[in-house]
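Letters A, B, C and D mark the chains as written, and numbering starts fresh at 1 in each.
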Amino acid sequence: MNKTRLEAFSDAVLAIIITIMVLELKVPHGSTLSALEPLVPVILSYIMSFVFLAIYWNNHHHLLHTIKKVNGRILWANFHLLFWLSLVPFVTGWMGENHFAPATMALYGFILLMSALGYYILVLTILKSHGKDSLLARAIGKDLKGKISVVLYILGIAGTLINSWIAAAFYVAVAIIWLVPDKRIEQAIYSEENK
Amino acid sequence: MNKTRLEAFSDAVLAIIITIMVLELKVPHGSTLSALEPLVPVILSYIMSFVFLAIYWNNHHHLLHTIKKVNGRILWANFHLLFWLSLVPFVTGWMGENHFAPATMALYGFILLMSALGYYILVLTILKSHGKDSLLARAIGKDLKGKISVVLYILGIAGTLINSWIAAAFYVAVAIIWLVPDKRIEQAIYSEENK
Amino acid sequence: MNKTRLEAFSDAVLAIIITIMVLELKVPHGSTLSALEPLVPVILSYIMSFVFLAIYWNNHHHLLHTIKKVNGRILWANFHLLFWLSLVPFVTGWMGENHFAPATMALYGFILLMSALGYYILVLTILKSHGKDSLLARAIGKDLKGKISVVLYILGIAGTLINSWIAAAFYVAVAIIWLVPDKRIEQAIYSEENK
Amino acid sequence: MNKTRLEAFSDAVLAIIITIMVLELKVPHGSTLSALEPLVPVILSYIMSFVFLAIYWNNHHHLLHTIKKVNGRILWANFHLLFWLSLVPFVTGWMGENHFAPATMALYGFILLMSALGYYILVLTILKSHGKDSLLARAIGKDLKGKISVVLYILGIAGTLINSWIAAAFYVAVAIIWLVPDKRIEQAIYSEENK
């Protein structure tokens, strides 16, 4: 089974998820700029989720780039990841409409945590079928970023018991970790390809 | 006519169907976790439909993997299947919002039944144009799973006359039948390919 | 410029158009089968538009199958067609919710008419850049079906002045003309390919 | 990293953005043609945004056509562009529902301006990784159109302080600049390819 349709399907689902979040931006009734004020938290939460979903697309892109075969287990691990990501628009909307209330921040963190675990399971499933010596195995290495992310999400969720902004700080920290380009990994993949 | 666009179009429709179901998860007005309680049946019905649509995508993927030619009849049989699947978000929403009331469970089962028949018609249409000795014919065999599914759906729909949970049990049974990997079929296809 | 992205983009837009029509099927509040009664005209109009959009996808598929080059004019003619098709969900919803009232039927016919003209312009644009001796030119021939469709749509729109069902009859007639397989065209294309 | 998935993902997002704008066309309750009157500004704003998004798709298509390699920076520049474009349905809806009130026209122009800058950043990022002697560098040249567009958007936004229609005139002017085919660029690309 080749990976083309799996990539195409995942791309379509991610594109839809990232775009239907915009539907949560309900057109305000007033026609002045001040009518947009109540939308500020909704837009902030939209930006946050847009960045997280873009990071997932990037990582997913890199992950599938390294493999060739796809089996039934990988298909289902991929669906499991997409399931958690498909809930992002819902928790984003809830968080934005309620001005980052603690419970909404906790649920948001929980969905991000489950997505991170879903991604981790996908990585493990692929590694299992491709062997520990594969290009992927070397590129991933100890997956420090993934493990740190899980810890930060849990700290963020716990932080909502004290204050929403503690949670926000932890979630933003995860995004920054992933946004900073990890040159070593990229080089590992490409040096391999150009051998 | 090659199959690439048929696959791409079916993937897009399935991706959209699976994702717009999330729009049924309306953001609650309260900002506490208890505000999510009324959403529990909606989320349960979402999970159920997500799994069914994922199974259809998997089977559709395998089915089209074995063929090369596509004719007008196959295109229309595929549209017929997509039509019934496109109604899944509607019946999922109705079922979830009404806490699995019997009538909503019966309609849900009816749409699943029609989708199963639509899939069966698609298989027959492909078999007709590819011959009984084709790889597909051998892989499908007697299509026991498909036939059992139809029976279970009918039993489930009838079961709603007594109790919603009888129906739920039958529908979940269908999902389990398909989720358990059918190693023989997968091996049949791949052993053929690697000859 | 190759045609792959044009096909992919058109497929995505058509897939979304055909699927967001389902969002017009609003979940009813009652939990009995009789709660579905008001939805019957909405479902009928959904089926009608589903069939029309499926016919357009099929024809679009065949049309682009015969060409290799794509230029700026073809891109814009394609966008023009997609624009009219993108209005189908709106007129379908209006027609369904108003139980096929004459004005809604007239607007529905108008959008179908403009879509048919948009398709005709796309065909002419492609013919212009591929020459009259091309495979496409021979396959299309005098495009009798296209011309009859335009006449039937106009008769249908005029018919709404008398009665909605006259219009419906004309629209259904167009669908039937296209659904009946036109074996000569299909054979012309494939005999050419297998030379 | 090849560009196929980047193209596919961008196509999907653009297709969804262009299509969910139709959801802003809410089905009116009356069943006569006069019930459509309040929708006229909504439809006009839909047409305007449809044309702008089609122009972006065309330009994006040409831009990626000329490159082969994609790196992390290009992926993120592309996401940045998609972010601003994803806000087009929102500002289109706000503008249409408020009959082109000045503040709504200013925000619409702002989103178009940011999209234009996002596109410009994408072009620069691609140029940086492909070199100044590349096919793209010659095809783009001094990017006069892009620079004029930015000036016209700013004039349009400033114009909303006086009158909405001044802004509309500037925005329409940008669309016309891009719609008029720029034969030199197209020929530059194709003459290169046919060498």
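One rule holds in what follows: a residue touches a chain if its C-beta (ideal position, glycine included) is under 8 Å from a C-beta of that chain, and two chains touch if they have at least 3 such contacts.
Remember, predicted model here, so these are calculated numbers, not experimental data.
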Chain copies touching (chain A, chain B) - same or different residues, decided at half shared: different
Rotation in the CA alignment of chain A with chain D, degrees, nearest 5: 90
Maximum centroid distance from chain D, chain identifier (CA atoms): B
For chain A paired with chain B, centre-to-centre distance based on mean C-alpha positions, whole Å: 27
Whole-Å separation of chain centres (CA-atom averages), chain A against chain C: 38
Junction residues of chain C, two or more chains touched: 8, 12, 16, 20, 23
Topology of the chain contact graph, where touching chains are joined (line, ring, star, complete, other): ring
Full enumeration of touching chain pairs: A-B, A-D, B-C, C-D
Complex contact set, residues of chain C against chain B: 7-8, 11-12, 14-16, 18-20, 22-23, 25, 27-28, 31-33, 35-36, 47, 50, 54, 57-58, 61-62, 65, 179, 181, 186
Touching residues (chain side chain B, partner chain C) in the complex: 1, 5, 8-9, 12-13, 16-17, 20, 23-24, 71-73, 75-76, 79, 82-83, 86-87, 89-90, 93-94, 97-99, 101, 103-104, 106-107
